[in-house]
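Two complexes follow with chain A in common, the first pairing it with chain B and the second with chain C.
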Partner chain A sequence: MTALRWRTAALADPTSARRALAVVLVIGAAIAFVLFRGQATLTHDDDFPLFRSLNGVRDVVDDNRYVLDPIRSSVASLVDVFNFAIASLGWPGIIGIAGALGLVFGGGWLAILAVTGFASLGILGLWEASMATLGLMLAAVMIAVAIGVPLGILAGRSRRASAVIAPVLDVMQIMPTFAYLTPMTLLFFIGAAPSTVATLIYAIPPAIRITALGIRGVPEATVEAATSLGATSRQVLLKVQLPLARRAIGLGINQTIMMALSMVVITAMIGAPGLGRNILSAVQKVDVGAAFDAGLAIVILAIILDRLTFAAGEWLDPRSHFTRAQTLRQRLVGWSGPAAILAAGLLAPFAVDATRFPTDITFSFRSAINQSVDWFTDSFSGITKGIKDVLTANILNPIETVLTESPWWLVVVVAMILAWYLSGRRASIIAGLCLSAIVLLGLWGHSMSTLANVLVATALTLAIGIAIGILTARSDRLRMVLRPILDAAQTMPAFVYLIPALALFDATRFTAIVAAVIYAVPPVIRLVEIGLRAVPLTIVEAATASGATERQLLWKVRLPLSQRALLLAANQGIVLVLAMVVVGALVGAGALGYDVITGLAQGKDFGKGLAAGVAIVLLGVMLDRITQGAGGRRRSTVARAG
Partner chain B sequence: MQRNRWARWFAGIAVVSLVMVGCARAGATPIPAGPTTSPGASTGTPASVEPGASPSAVAAATCEGAGDKGSVKMMVNQWVGAAANVAVAQCLLQQMGVKVATSTLAEEVAWQGFETGDVDVILENWGHPDLEKKYIQETKLATDAGPMGVKGIIGWYVPKWMVDKYPDITDWNNLNKYADLFKTSESGDKGQFLGADPTFVQYDEALIANLKLNYKVIFSGSEAATITAFQSAAKNQTPLIGYFYDPQWLLNEIELVQVKLPAWTEGCDADLKKVACDYPAYTLNKIVRTKWLDAAGDAGTFIKNFKWTNADQNSVADAITNKNMKELDAAKVWIDANAATWQAWIP
Partner chain C sequence: MTVAVEPHASESSAQPGMSDQPTIAVRNLWKVFGPAEARIARQSGPGPNAESVEQTVTKLGGTIAVQDVSFDVRPGEVFVVMGLSGSGKSTLVRCLTRLIEPTLGEIDLDGENIRKASQVRLRELRRQRFSMVFQNFGLLPHRRVLDNIAFGLELRGESKATRLARAQEMLGLVGLEGLADRYPEQLSGGQQQRVGLARALAGDPEVMLLDEPFSALDPLIRRDMQNEVIRLHDDLKKTMVFITHDLAEALKLGDHVMIMRAGKVVQIGRPEELVARPADAYVEDFVRDIPKSHVLTLRWVMRPATPDDPVDGPIFPSTAVIRNALHAAAGTEKPIRVIDDNRLVGVVDRASILETIAGADPG
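What follows is the complex of A and B.
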């Protein structure tokens, strides 16, 4: 009730009341900081009692192995089945299947893409590693779909189920991938089984979310029509909702595959076979070129699977077939192409050795990349290190000082007021709970250092993302040029560009920020661009007609009208930056990320690592709620203004 | 619509059955290689530990042998020296007719493999008294197979150019004098000490506090970050002090000099909060899975006998890293030149 009243009061004179409140808040916080600086800062203690007691979790799990071992062995055997199928098909079989599927779903171009893509994995000399990755990924995706689609249907049909599932998915998506690794090795040891489960956890949310969205997207009228004709609930699901949601389910599986591929390198740390291992071992030798080859193989796999599953989703949608009335003969002709490719692939083993990709044609970017990286870092590291020093001293350090040297209660109070101001009472309570929980976890100092890093990285991500997004929204040509670069930046494992980043910026917090920005910028650019392009032409024309300049058009019309997309971009930016916290610790960011890695590596720090993983999730939930809520609130203002 | 859907179903079933026929046919064809994964060829990444995995397919012809003398799953630590150990052992074992599968794992994680059977042999173990207690003394899942010959040295290192310019920097007593040199954007008004990969044994924060040094530990976070930092410090002549160790392939590429800390004495590192002495020299040993050893026969004896030196290991690691050779090829070069050493390992 208070929230409502406060909002009404603010709405009476929205701008001046909110501005006054903001000023009071800033001044109050500044005074409190000066007065209490250095008090109640909760210095970090590696032997915090909670960490010790979390170590005990290990022994509890060890005593209950009989529950976990069957899961472990059945997941491992599923992976074996896929590996066996892939190995039995041999490389011609795999390429043949990919080509045939491409031709069926998308036509000639897709078939060419699929065939050349898979062939290039072999030409890069990475056939076996790529197939090991593919096998593990397919197993994880299969389980994810088997669990995710039914859950999605449930969430789509029942509001209550959706209310239970949604927050769980939120946490799963915010949780940094490294944070699963410690529990996974605890539960399932090392190898293919825990890697599959970790991949599954990371990749399942889109399968559930998008399926639910698809089911809910079926027009109410259609469902009612079916019900009024006497269809049972089961019939409505099977004959109406599912067929109409097929495209959405396809998209969900597509996203699940993409997410699963981005776990490849990380699961290699707990013994997953495949391309991830190539990248890790290349990184140990500081061999950027070799890491790039393996990273490129992941990008290629991602592009092929993305286009294939996307096309499959379109192809499966009954609505897309309405126009295609075909005679039997036409249909037979249509199927003969795919059948021929498939047959060629499957029969090839009689002519060539299908077990090993031929080594006659090989190609590697390794030495070219290594040479150009060396040249680049030698020429520019002086300048880049200067930039790093200036930004660290003037932006990062002051923010970190404020956060770490303020009393913890002051940070909690300010965060709660800020959350209330931006998103209302609920977000404020959540922020308070999350920060208090971090205090109880004994990780306050490290959490504040990490928070400072995350805030700076997010600010940079948004600045760069919005600027480029505005440019690409204006120019189709720029968009065409940027698209493959953005695709690659998003799918290329961060490990590949960590070493050049290290050479340019040393092992520092700033390097971690750079890595996070590279990872988080592409989706932000896309969201900003989509938002700006969605502004109705009529409004733009009206503004132009009334004499608005290009600049006014941007600031007064386009940006305000795409506020919702911008806030979504901010929200996504934060979530993605958080996902890089642990990776950042590998290049000198320290703090929570370092705690997580130490926990994975050293038994005595297991508890601390687990607690640090939880702390990252808590920071994520807080930031996510604050920005999500801000989106909802502004949305209503925009709606009213319209 | 209806017929169209039937056509699609028919096509789908046809595709699936073709695939299955393909599987069955390929499965029936006698293919010598194992059914599941095999190693990534280009970077010579070690093979997987999946049950039934085939031995390395990239092995040079001369690293292969006939016969069926059982199999071994060897763990490769995440540093190149460990890959050198494994490559030489793998080559010789395969010549003896033993199937070898390898997997790269973090140090502590690898010990779990003794419980699951995913790891039979760790060739280069650095300490880990807690794990030795749990797996060797308590559960008896693992057995100590003796020293592997290499001495592990951990310490504080600076690039060679600094010693040329500041000769007394190698004594810890003088480090405070030079603290200003090592200031960075991360360390504030103190000198930066570059801490190591979190998987390594390290207590530099306690050392710095107890020796009253005006330094702050900044953790590089990974071995790659540490190596990149030392490479850059050597190349650009920038100051750097940090945790490093021997054997390490980087030492064949650039010269680092160890800083003398108060000498290690028995028990001086008993309480890691009060420690004020250098790291001990590690006698690196081999750990094997007990059940495997009981049944391994000649392969087990070979692993027990395996013993070489820092120089041997560094030469193979250098060939892998700086000369871009594949692991087994580098191993072969060493094997050809050092018959006297390895012939003593063969049972």
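What follows is the complex of A and C.
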């Protein structure tokens, strides 16, 4: 008993000290804000000298075209090869291949999904656009896999390689999509080549990471057994590690495809043809119906590719085969179905016009959607406008005011102390460096506006995500209902999320926040739910046996024990929100995202766009480090207490 | 306290009919994990003392897994290394083929210095002369049983026909006929370890290293597998180094048993020597529950014959276990005569047999 009391006392001490420190910090910051408000605010200047000199970077790059142009043209010709292949197969050929693959990998249902899915792309009248997206994406994925899988193997086998690659991947993972665009136009102008390169860079991390995980996941005992039998390093790789990591590599490629699809749509902003262009122009015209058709096509494409590649990964796993030992005859019968579908697709051009999807069976949701959006806005604009105005006036504007009207040094100091408080010295230094760099970039004001949007969206995301996460963790029925929705939400490319936000709130600053919340909530729900469900049953039982109510269980057992999962959810949420808030520039959010867009569009603002891309990355790194370290600190506190 | 026993020190009898050259000779072997390892490995000279190593480890950080271990494994014997988890026994056996690189010390295989072997030579040795059986089997889940057994031969570059024929033969040897086309996951634990044994035997190695091969198995299956190893050993005469944490298993299988604790050798000896003369309280504690009559031979309880002893008592060799003489002793008042090579070497009174069974000290 005494030992326990002593421990509790020792634990309470630093906690209350921290709390006091936090109060002092808040009060101090508030006083400083009142005293220094309006000073050293660094107002935005479109002609900041650095922007001009960044414009000069282009000249330097132009002098080195002899390196870049071959890359550009070879990437472009790879895309041409895919486009040519797709065009020569025609729509029956593509549908035939998809059906045959579906039947081989996953059976009848997958074949039906693949065939009807591809057919519906045509029916939506978006066959050409979809195929342009597909061709670009396939080219990017091919390069990403060709580079990523070997790198992943290297990282999986060598600790040293992993130590080099992992931090790079960490940063890539938090880079918002927009940050890739301007540098790509700098190197490769606009069109298919820069879009492919941007897509492959964005999509390569999972190919590397999951391959490395798969290689490392091969049981040590198996590798050791092979070594004890005299296997060379090469034999271990080819005969043990690669076969056993095949499923993981398949999953990595699956993830790469999903990320590529998400990015390839966004590269419409740097001239990529395809569905992204449809969405982009529709969003700019606030034509929600047209955006819906294209968004639906992207979702269909995403679902088909996801299911097909996932099933392919399972099918390739050698371990899945021993359940179906087959005779030659059975095997022939098994292959005849896919062969028939494929043949039908390939032979169809003799009977029908394969180059153009028949237009007499098209169907569009455009006018229906536009009508219902109009109806919705007419009937509920009061409510949505009310929500928008209340939140904007009472939360968004005050936060933005505080951030933009504080002296820059005050924001830096507060951020550094906050980072120290949450995550320790390292995070504090990184936060200080990131913010100082933003000052030097001349984008302080815009960065603070973006940050205000991010903070508001993150707060909303966490509030909604944690609430729903708690509910789903407690109810199996709700979980069953939500699960397919969350699954679908996570396969959807970011661009698609702009559409409902636009439909609800028109093009304003607030719309971007809504899009960001819609985009970031599903992963948060999932992480919270996983964390809550992972609380050991024995502890819950012990608490229940001690007479805890449901409410006490939640607050005193489940939530404290899933702290790490909650912090991870916060970290993921903030990173996703930042990415989307920036994309939200397309639907009315100004600041950094808008700087990137104008930089892409106008030559004289190029330098500013480039600087804005960098500022976005700096914000991302800062937010990630501040929240990521929080898990580590709490953990060590818990460890000390135990 | 532990007592480091010199090899041979507790050997009261050399095994007749065996050559003097040990198959494996290990001298002053150390394994240190962690930052201190590099510094210690650089120490040269006649081998470091425990104090200097401990100082370096305390200063630079690390753990001593194997500490100054020396022993000999004779051709054709089963040499058991016994210790609880954390005693360094699994590290030790991995050091023998340098699956784990030793920090200091010498390892000789038939006089060849393993520590100086190149990577290529080392691989050759692993392919041809050593083989290993693992606690968790280490089978390849994506290959059929037959291909698992043939795996070592495949690594050597044998033709497919040769290796599959050999694997089929091994399959019969371990009693798994008819399971060639199964996958490891479809087999029971005992069957999987039979595959592990077959794979280790397929390359016809000189030495088999078995790292707790039966620890993951049920007690009944474990007994079957122990008998299987005894049978294979009798048939094939392989030299075996067998790692276990189970004393009964060690005493049952071992020609010699080495007891380890915290990386150090506590005692090396024949099973009955461990039971009869534990080197220290640690070993004594271990062997306390072992029924001595199952392990001790008559040699340990006999006394010199006197002219007064009757000359018509039952006859047993000195290597017979006491338990086996029990029935004969119960049938007569006369002392058992212990005969080696047609020569009377001593007699055993019924009283001393009963004392042993009752657990009294035989000394």
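The rule is short, and it goes like this: the second predicted complex is superposed on the first by the 571 of 642 C-alpha atoms of A that agree within 3 Å, B and C clash if a C-alpha of one lies under 4 Å from a C-alpha of the other, contacts with A are read in each partner's own complex, and residues count from 1 in each chain.
Just so it is clear, contacts are C-beta pairs under 8 Å (C-beta built on N, C-alpha and C of every residue); 3 or more make two chains touch, one makes a residue touch a chain.
All values reported here derive from a predicted model rather than from experimental measurement.
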With the two structures overlaid on chain A, would chain B and chain C clash, or do they fit side by side? fit
After superposition on the shared chain, which partner residues are touched by A:170: those of chain B (first), chain C (second), both, or neither? neither
Looking at A:529, would you say it contacts chain B, chain C, both, or neither? Reply first, second, both or neither. neither
For chain A, which side has the bigger count of touched residues, chain B or chain C? B
Quick one: classify A:131 as touching chain B (first), chain C (second), both or neither. first
For the overlaid structures, how many degrees, to the nearest 10, lie between chain B and chain C at the C-alpha centre of chain A? 150
Which partner does A:624 reach: the first (chain B), the second (chain C), both, or neither? neither
Minimum C-alpha distance between chain B and chain C after superposition, to be given in whole Å. 5
Residue overlap on chain A between the chain B interface and the chain C interface 318, 322
Taking the touch rule as given, give the residues of chain C at its contact with chain A in the complex, in rising order. 94, 97, 99, 123-128, 130-132, 134-142, 151-152, 154-156, 181-183, 185-186, 199, 203, 209
Quick check on the complex: what are the chain B residues that touch chain A? 1, 4, 7, 11, 14-15, 18-19, 21-23, 25-27, 29, 31, 33, 35-43, 45-46, 48-52, 57, 78-80, 83, 103-110, 112-113, 115-116, 118, 130-131, 184-186, 194, 198-199, 218-229, 231-232, 235-236, 249, 320-321
Within the complex, which stretch of chain A touches chain B? 76, 79-80, 83-85, 87-90, 93, 97, 100, 104, 124-129, 131-132, 135, 185, 189-192, 268-271, 273-275, 277-278, 280-287, 290, 293-294, 318, 321-322, 324, 326, 331, 335, 339, 342-343, 346, 349, 354-356, 359, 362, 364, 378, 381, 388-389, 392-393, 397, 498-499, 502-503, 506-510, 585-590, 593-594, 597-598, 600-604
State the interface residues of chain A toward chain C in the complex, per the touch definition above. 219, 221-222, 224-232, 235, 239-240, 243-244, 318-319, 322, 325
